[in-house]
Amino acid sequence: MSLDTTQAPPETGRGSPARLIHNGRLFALVLATIAGLFALQFVLSDYLVLAVTRILIMAVFAMGYNMLMGYTGLLSLGHAMFFGAGLYAAGLSSYYWGTSLPVSFLIGILASLAFSFVIGLLALRTQGVSFMIVTLMFAQAAYLATLYFSRVTGGDQGLTLPTDARSFSLFGAAMDMTSDTVRFNLALAIFAAVLVAMYFVTQGPLGRLFAAVRENEPRTQMLGFDTYRVRLAAFTISGTISGLAGALYGLVFGYIGSAFAGFHYSIEALLFTLVGGPGTLLGPLLGTAVMTMLIDRLSGITTAYLMIVGVILILVNRWFPKGILGTIRERALPWLK
Amino acid sequence: MDLAPYLLLAGLEGLVQASVLMLTALGLSLVFGVMRVVNVAHGEFFMAGALIAWACGAYIPGPPALGFIAGLLVAPLAVGALAWAADRTILQKIGYNPEGTIVSTIGMLYILQQGALLTFGPDARAVDAPFYYTIRTPWFGYSSYKLFTVAVAFALVAALWLLMRKSKVGLLMRATQFDRETALNFGIPVGKVYSAVFAIGAMMAAVAGVLVVPNQQAHYLMGTDPLLLSFVVVIVGGLGSIPGTIAAAVLIGLSDGLLSVFFSPTLAKIVSTLLVALVLIFKPEGLFTVKGRRA
Amino acid sequence: MAEVTLLETRGLGRSFEALKAVDGVDFKLAEGEIRAIIGPNGAGKSTFVSLLSGRIPPSEGQVIFAGQDVSKLPAHKRVRLGIAYTFQITNIYPSLTVLENVEIAAQSRLKPQLFGGAGEAEIRAAAAEAAAAVGLGDRLETVAGVLAYGHQRLLEVAMGLALKPRLLILDEPTQGLSDSEIANFIEVVRRVNREATVLVIEHNMDVVLALADRITVLERGRLLAEGTPAEITANAAVQAAYLGEPA
């Protein structure tokens, strides 16, 4: 049987790097992407550097979403609740308690970890269409809660973080969130850390179990795995990364508001992942970049620019359900996972 | 303070809301029951019906009643045709795969909502009621139009019931719902039945939109609430069960009317969305169906 | 040599509505044997092994494995105790490669918890070894879904092997295989038997007679007869049960 998926024989991995890195080409691509992004700040205009900063943070959100949707095969319609959890936990602690930026960031991550674990415990008792509706409803309740408690959260109007809450010192150097360069590099550093962490999770033993659950859950059970716990792990990691993105967004841009927890943000995570390629490491970044630029352009032309979201969702779903990188993987580069 | 007038008013308001909700939710329930499709764009069909009713009222000269009647005819036909086309060109082409279907109907939601923004602008549009007779009670006057809505809604539900139970079309629908494969083997044009069901479901939402618009202004973002409440009704009543849907619509419409007199509407919505999630998790067959048997 | 009982059931039963698919079965399986379960269609064979593996909970009775009552344990925990099950209908990960398929099973044994356990290299080597043991060593990078049917069945067995189970349950493993594939399959099962007890549901009497140390006959959910192949072929009740049934 001749099949062109027969690539190099499996690395038996005796040397130390090969023991950790099983998909060397993908890892090289990850490093090259990070280096390329770093170089952008020297060639792009200030406006575009700011746009890329936002893209990087939203890409972290989409990467979190992809962990669940792409790698584990569970389609959530409510990930804005985790983005919002991180955003509010970080932003509110900074606003009311005056915690320093790193501490607020950590609070945001921990809050979304706890929140996604609890929601996962409940939502994962359902499957398929029910799972989608349950996540949608929980997210809607969370969004409405941010409006209901508007005395604390600022509701629709939101809250702007005070200027003195927007800088911190890192090893003696002042990090000021009103500086475009600092924001860009901070966002890039965290994006890079999440991307590398995602590489090790998805290409390692845990990622193997996620794929196993996605491809055939009953069989995975009969191989000795408690698949509910596997799904819960995927859900919690996914929610936590999404919350991390939310915390970063709130702190970097100094503003928190209900809209970030709304339906549209859940759909953005889905859209970015779907366009870039579900179940590919770099798909979310690509999808976020393409869609953000497109929406940005259109918003200059018409007020109804969000129509493009609907059009793309339908088109991709009909003709490119594997997204850009997923299609490339299928046609040419099987290691692009 | 005497509580009776408040309760009567809240009860009447609840009844009006329940009847509109019943129409909208039955559309969603029918589509899910027969096609196993969760139509996230359902609220936008409602919104489209409302805006078309406004356009009929605004551009057709003569008394408001004329525009209203035109809206009652044009809105469901236009929205039904749109839904029929959407089923043919989108849902059918992806084979009604559950996840793809939800993602596609979310796409439709954006297209319809933004299309409405593009066509009608961001302003809320008020529509005159076709008639203004006020019914007197000892404490307050009540709009006869609102009671008319209740009557129309119940009449339409009765018509749907007759269609499903007594007509050949209804028989085809029920056969398809019961077992798609067998229906195909018996030569039932399942594809056409699906398109018809999707269109009828959308038409019910559109009619509800027409009925509601003299009481509530038409606006491109107005589809969210009816979608959410329909979800609540359909899931609490048991997915795909028509009697359960009717019971849940009346219960939720009434209690929502009563609750929003005493509590914040946001709080009421939080409670109802959580209720949907918890019912799906712990009692997925709905609250009104006996386990293992679907009414 | 004293026989050690590996698996035992006591009054094991399972009803679906009014139908008793498995009805009060007392059954013992000795460590190291190859046991075949035969019986006419609808005799409850598949339900019986599903009760052993934990895919379906029993309505009554007990399953005791290696001296431990496992009746209440979910399937995945029984797998960890050493009961591996291969499905009647081919049940693999069609979009993953052969190696990746077997790696999932190998990981279950070598790295049962999220933290600790074997490294990737060890998992990979164990998976490659299990694949080679069934003759799929030269197809490690092939996507499982495009394998020929017979090879997919072998992949199922490789996944069972990678678990290094104490008991391997095979549910109609030779269904749909060609004669040469069946001959190869019998060899594979004999090799497996050096390390594991094998319980096989099988319709093909040639396979049963070639492999089984003992045979258990089920009929209408009840245990009809049990014995060596010679005893069973001579048993009048078994012949009656099979009368008119293609065996």
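For reference, chains read A, B and C in written order, and residue numbers begin at 1 within each chain.
Here is the rule we use: contacts are C-beta pairs under 8 Å (C-beta built on N, C-alpha and C of every residue); 3 or more make two chains touch, one makes a residue touch a chain.
All values reported here derive from a predicted model rather than from experimental measurement.
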Inset, instruction - For this assembly, give the contact graph shape among line, ring, star, complete and other. - result: line
Legend entry - Central chain (by mean CA position): A
Legend entry - Most remote chain, CA-based centroid, reference being chain A: C
Inset, instruction - Mind checking the centre-to-centre distance between chain A and chain B? Centres are C-alpha means, answer in whole Å. - result: 35
Inset, instruction - Could you put a whole-Å number on the gap between the CA centroids of chain A and chain C? - result: 42
Inset, instruction - Quick one: report the Å distance separating chain B from chain C, using the average Cα coordinate of each chain. - result: 52
Inset, instruction - At least two other chains touched by the same residue of chain B: list those residues. - result: none
Legend entry - Residues of chain B defined as touching chain A within the complex: 36, 38, 90, 93-94, 98-100, 102-104, 106-115, 117-118, 122, 228, 231, 235, 264, 266-267, 269-270, 273-274, 276-277, 280-282, 284
Legend entry - chain A contact footprint on chain C (complex, rising order): 53, 55, 74-77, 79-80, 84-85, 87, 91-97, 99-100, 103-105, 107-109, 111-112, 114, 119-121, 123-125, 128, 139-143, 146-148, 159, 163
Legend entry - In the complex with chain B, residue positions of chain A that touch it: 75, 77, 122-123, 125-126, 128-130, 132-134, 137-138, 140-141, 144-145, 147-148, 267, 270, 274, 302-307, 309-314, 317-318, 321
Inset, instruction - Spell out the part of chain A that touches chain C in their complex, as residue ranges. - result: 1, 3, 5-7, 9-10, 12-14, 19, 22, 204-206, 208-209, 211-212, 215-216, 218-227, 233
